[in-house]
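Below you'll find the structures, each written out as structure tokens.
Same chain, two partners: subunit A is paired with subunit B first, then with subunit C.
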Partner chain A sequence: MSRLEVIKTGKLWIGGTWSRSESGATFVVEDAKGQTVARCALASRKDSREAVEAARAGLPAWRDATAMLRGQVLYRAAEMMESRCKEFTEALCDAGMNLPAARREVELSVDRMVMLAGWCDKIHQILGCQNSVVGPYHNFTIPQACGVVVVFCPEEPPLLSMVTLIGAAMGMGNTVVAAVPRSAAMLGVLLGEVLAVSDVPSGAANLLTGDIGPLLDPLGGHREVAVMVSSGLSKSARTTLRLAAADGIRRVHTIPWTDADWADDTQTCSPWFLDQFVEFKTMWHPAGV
Partner chain B sequence: MMGQSGDTAVAVPSEGWNYSPAPERTRPEIDSEYGLFIGGEFQAPQSDRTFNTINPATGQRLSRISEASEEDVDAAMAAARVAGPKWARMKGRERGKYLFRLARRVQECARELAVLETMDGGKPIKESRDVDLPLVAQHFFYHAGWADKLQWAFGGRDVKPRGVCGQIIPWNFPLLMAAWKLAPALACGNTVVLKPAETTSLTALHLAKLMQEIDLPPGVVNIVTGAGDTGRMVASHPAVKKVAFTGSTEVGRRIMEELAPREVPLTLELGGKSANIVFADAAIEQAIEGVVSGIWFNQGHVCCAGSRLLVEESILEPFVAALRDRMAQLRVGDPLDKNTDIGAINSSEQLDRIRALVTAGQEEGAILHDVQSTPLPEQGFWFPPCFFTGVQPAHVVAREEIFGPVLAVMSFRTPEEAIRRANTTPYGLAAGIWTDKGSKIFEIASRMDAGVVWCNTYNQFDAASPFGGVKESGFGREGGLQGLRAYVR
Partner chain C sequence: MGGDRHPVDAVMLARRAASFTRRSIKSDSKQSGLRLAISMLDLTTLEGADSPELVRALCQRAIHPCPVSLDMPVPPVAAVCVYPKLVPVVRESLLGTGVLTASVATSFPSGQSPLDARLAETEAAIAAGADEIDMVISRGAFLSGRFDEVAAEVRAVQDICGQTHLKVILETGELATPDNIRRCADLVIEAASRERDLADGALFVKTSTGKISPAATMPSVLLLLEAVRDHFRGTGVRVGVKPAGGIRKSKAALHMLVMVRETLGQDWLTPKLFRIGASSLLDDLVRQLLWTSRGHYAAMHDVAVT
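Presenting the complex of A and B:
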């Protein structure tokens, strides 16, 4: 007997809850053959501001959790991804990828999350240091979370780049707002579902799907955003983002990576990539009795 | 400080002891006019324009400085670009040896440079001699040693220089800021076009003479003098592959906007309104000294000045009384006198700005305390050390960077309130914490929105210690391992 398929509505994941866009706007996600796969919420400017506020509210709980715990939460996310490999693979195939390539990207993405999970309680030992100053002082420099990080995910490679950017931002103790382009929307929803069952505290990760262009200004100019990391934006979008960020002197990093770069573990899990997600603090204290 | 020494009883006259003048007698040679330093030579500007540099303590002209035009900046960029490949290819060890040589020459000429710094900028000789110049030499020494060790600084990466760096520096620590900018850039194999502040070009130009003496290859460092327009030309020049700026948040924002359409890496060291937090359990006398050096060091012309003092309410009254007594001891006057604590304000523009903000503070109802033991000189630009009490967080003196010897005193009741008030500012450069409790230090320090946190000390600097801010105080670090990051790709 034939059965009517249940089609999922893709929603925004903000502050630990799934919501439609406040604007009510949606867009249709089609597979490569033009069949409707799902309808997704189209994030508005207001949604993006709400996501930032949720990320700000979620910051203390996530940033102040022990690094070991953050690592375990990200590892949990990898476990949840592994068990949903089929869904991720199908979503990649729906977007036009062939099956072997889709499988490979899912495997790489799960493994990437595992690698990033392992960095949480070690990065400080690589990026931080003790400084030998002239005088009787203890002086050391430690990497700390920046705060709210916005990542603008590229279209390609859709899942691997999203996992890398979100995992890196969260791994360094930041809370994150991810702006996911239409073409990767269902993957974003799936990743959100994974994070939602991985003990990620509310607001630590927030996902916006739809058109990135209208979100550049409100996200780039938001004073609660500390850092913006983008990849795959056009030159004019990069300019818009940097102009918006100039008002609050916010950090903007551009990742100019190709598909091969995203697949390269040594680059993507390098401290010299992760240092874009930390802020250095130097502390002095006199030594003496 | 003077006073009774040992167990000898000395009768203090009722009017107190007077200091005899103790002038620094070294006089550096100052040329009547300085050209632009391009391609290893001093050159007359193509603009044919010059401007005066004056001694802010007397108002008298020291020399005439060239104003670089667009053509001059082009020439400097071309020289830096031509010198780039050879300098980048040179063995790190050899590049480092040039910097070691430069460090040595700075040490040999330290006294002349310190006097020159004081004459051109107004800071007390004891600061330029004991703080600025030793740090300048240390910056070159420290970074010299990195030049052949970059593969260890960035494990797993084969780093390369970025190319021509455009660097723009402020007038509060003229030669030290030049060293902060030049040393890491050169150690990493970049070449530089440096733009000093228009009121304080002299020591950078004398540093250029030392570069000639140590045979630094021509074009590796080029110095173009001028005001804001020249700075804009340097920052936005198409040949520039990296821009570093230290100065006001307002100008930093303009540079960000200017560079927005381009993929040029940028580091900014901007303004601040740093909190100095004193808990009731602090060593009070040390805290008083820390507050003094926090706000009155270098006339308060310090981006990380501890310009907001937050005192735990239970000790507010005695602390303010002790601070008032200590402030009255500060000697304002001839910067070349070795006993001077507070020198001249750097320029009449800056003096006007300080006066306007202090007037605004009074108009908003804050109470000004400016006891002065020494009369202010008649010539030059001066402002006495002072502080405000009765300050509300919304007051202009609690929010705006004054960049002068003006402190805003406020109080708090709980550590949570101290943290919140300290972080309630768009800036995030530095913070000071005074308490004898170790666990409190770690907790408060880790929660400060600041790039530098001084615990039971303030205004300490070191070439090995990364410096820089968060939020609107800018991004990137200068000094230490982390400071190299901006100069490699």
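Presenting the complex of A and C:
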């Protein structure tokens, strides 16, 4: 007996709940042959505002969780991705990738999540230090979370870049708002479903799908946002983002990586990449007798 | 007391209350709505940890709600609401600013003290300089059907208040049903206006203490507005309404204003007849105002004092 087709509706993951866009706008996701695969919510300016507020509200719980727990949560996310390999692979193929390449990207992405999970409770030893000072003081510099981080995901490589940026920002204790382009929308929804069952506290990660252009100004201009990380944006889009972020001393990072760079663990899991997601704090402490 | 009134239809009440949340308020009207909401605020702190220093800071905030200057000045709030012990501090901080001093009294929040003690507390608050008294009723008495007792205590506090404005807290969250809320509002308004000439705004009915949840929900506020409307139609006297508790976002405040406008009309859109009891709401109102004038959202640390 023939069945009615069940077409997925991708929603926005904001503050731990799946919601339609406040604007009601959606777009159709098609596979390489032009068949409708899903409908997905098109994030509006207001949704981006809600996402930042949710990320800010979720910050204390995630930032103050122990580094070990954050690592375990991200490792759990990797486990969940592994069990959904088929879905991720299909979504990549729908987006036009061939099967071997899709399989390879999913494997790389799961491994990437595992590596980033491992960094959570080890980064402090690498980036932190004890400074030699004149006087009877201990002097330490420690890395800590910046706050709310917005990542603008590139179109290529769709899954690997998304996992790297979100995993790195979360691993360092930040809460994240990820803007995912249309071409990777269903991968974003799948990744949200993975995070939703990985004990990620509400608001620690938020996913907006749709067109990145209209979100640059509201996300960049929101003063709760501490860091903006983008890759694959046009020159004019980068300018828009920098102008919006100029109000307040807030960081904007641009990642110029190629596909090969994204696949390279030594670059993507280097402490000198992860240090874009931390703030340094130096403390003086009397040395005593 | 309300014998000819139909019982409240809870389903239609909820639907009607929800309908007020579907108005689109943008640009200029949003700006003026936000300013109006700020001017109607009873900025409140009712904690055991309140100290004169904290309350002084709150008073500064009440006088100058916005930390940066905008093209159109932001009005001060309507009143600062505290426990009786802190009334002198508020009074001194607000002297000559036009912002009023409000005090809770009558064994806030439970009302579970002997009437003499509750009346004495009210007297002390007024003697210390309170312009407005927020009293609680005995919900226990109301729920056991001792309506006369509730009416008598309202009248007794009213006698002590004299010209001082009185707000009567029903604690709608404890009254269990919409019908009880409406009956209680009718009871309080009737008791306060029996054989007296109430001036417009001399009496307020207030939803909640803010100490229990649910507090000022849209349906419970609508019930108070309707009780006030029916009283106005019968007598021509304008009683005020004050939702308090749980209103933290600008959007919720604007919904309240829409409901007032569409239930009681433009006349009630003044701090003399409508107040909002809140504390963190002010931060959100100011953030929204900054957004409408700058185009970007302010961070919480840009506007919050505490």
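Methods note: the second predicted complex is superposed on the first by the 288 of 289 C-alpha atoms of A that agree within 3 Å, B and C clash if a C-alpha of one lies under 4 Å from a C-alpha of the other, contacts with A are read in each partner's own complex, and residues count from 1 in each chain.
In this text, a residue touches a chain if its C-beta (ideal position, glycine included) is under 8 Å from a C-beta of that chain, and two chains touch if they have at least 3 such contacts.
Here the structure is a predicted model, which means the values were calculated and not measured.
Participant: Tell me which of subunit B and subunit C touches more residues of subunit A.
Facilitator: More residues of subunit A are touched by B.
Participant: When the two structures are overlaid on chain A, which partner does A:6 contact: first (subunit B), second (subunit C), both, or neither?
Facilitator: Touch status of A:6: no partner.
Participant: Touching A:247, do we find subunit B (first), subunit C (second), both, or neither?
Facilitator: Both partners, subunit B and subunit C.
Participant: Mind working out whether A:49 is in touch with subunit B, subunit C, both or neither, as first, second, both or neither?
Facilitator: second
Participant: Figure out whether A:133 sits in contact with subunit B (first) or subunit C (second), or with both, or with neither.
Facilitator: Only subunit B is touched by A:133; subunit C is not.
Participant: Between subunit B (first) and subunit C (second), which does A:144 come into contact with in this model arrangement: first, second, both, or neither?
Facilitator: In the superposition, A:144 touches subunit B alone.
Participant: Figure out whether A:222 sits in contact with subunit B (first) or subunit C (second), or with both, or with neither.
Facilitator: After superposing on A, A:222 lies in contact with subunit C but is clear of subunit B.
Participant: For A:266, using the defined touch cut-off, is the partner it touches subunit B, subunit C, both, or neither? Pick first, second, both or neither.
Facilitator: first
Participant: Thinking of the overlay built on chain A, is A:287 touched by subunit B (first), by subunit C (second), by both, or by neither?
Facilitator: Neither partner.
Participant: Of the residues on subunit A, which ones does subunit B touch that subunit C also touches?
Facilitator: Looking at subunit A, the two contact sets intersect at 223, 247-248.
Participant: Residues of subunit A touching subunit C in their complex?
Facilitator: 49, 52, 56, 218, 221-224, 244, 247-248
Participant: Which positions of subunit A touch subunit B when the two form their complex?
Facilitator: Touching subunit B: residues 126, 129, 131-135, 137, 139, 141, 144, 146, 223, 226, 235, 238-239, 242-243, 245-249, 251, 254, 266, 270-272, 275, 279-286 of subunit A.
Participant: Across the complex, what residues on subunit B touch subunit A?
Facilitator: Against subunit A, the touching part of subunit B is residues 134, 138, 154-157, 249, 252-253, 256-257, 259-261, 263, 268, 270, 426, 441, 445-446, 448, 450-457, 460, 462, 464-468, 470-475, 477, 480-482, 485.
Participant: Taking the touch rule as given, give the residues of subunit C at its contact with subunit A in the complex, in rising order.
Facilitator: Against subunit A, subunit C makes touches at 295-300, 302.
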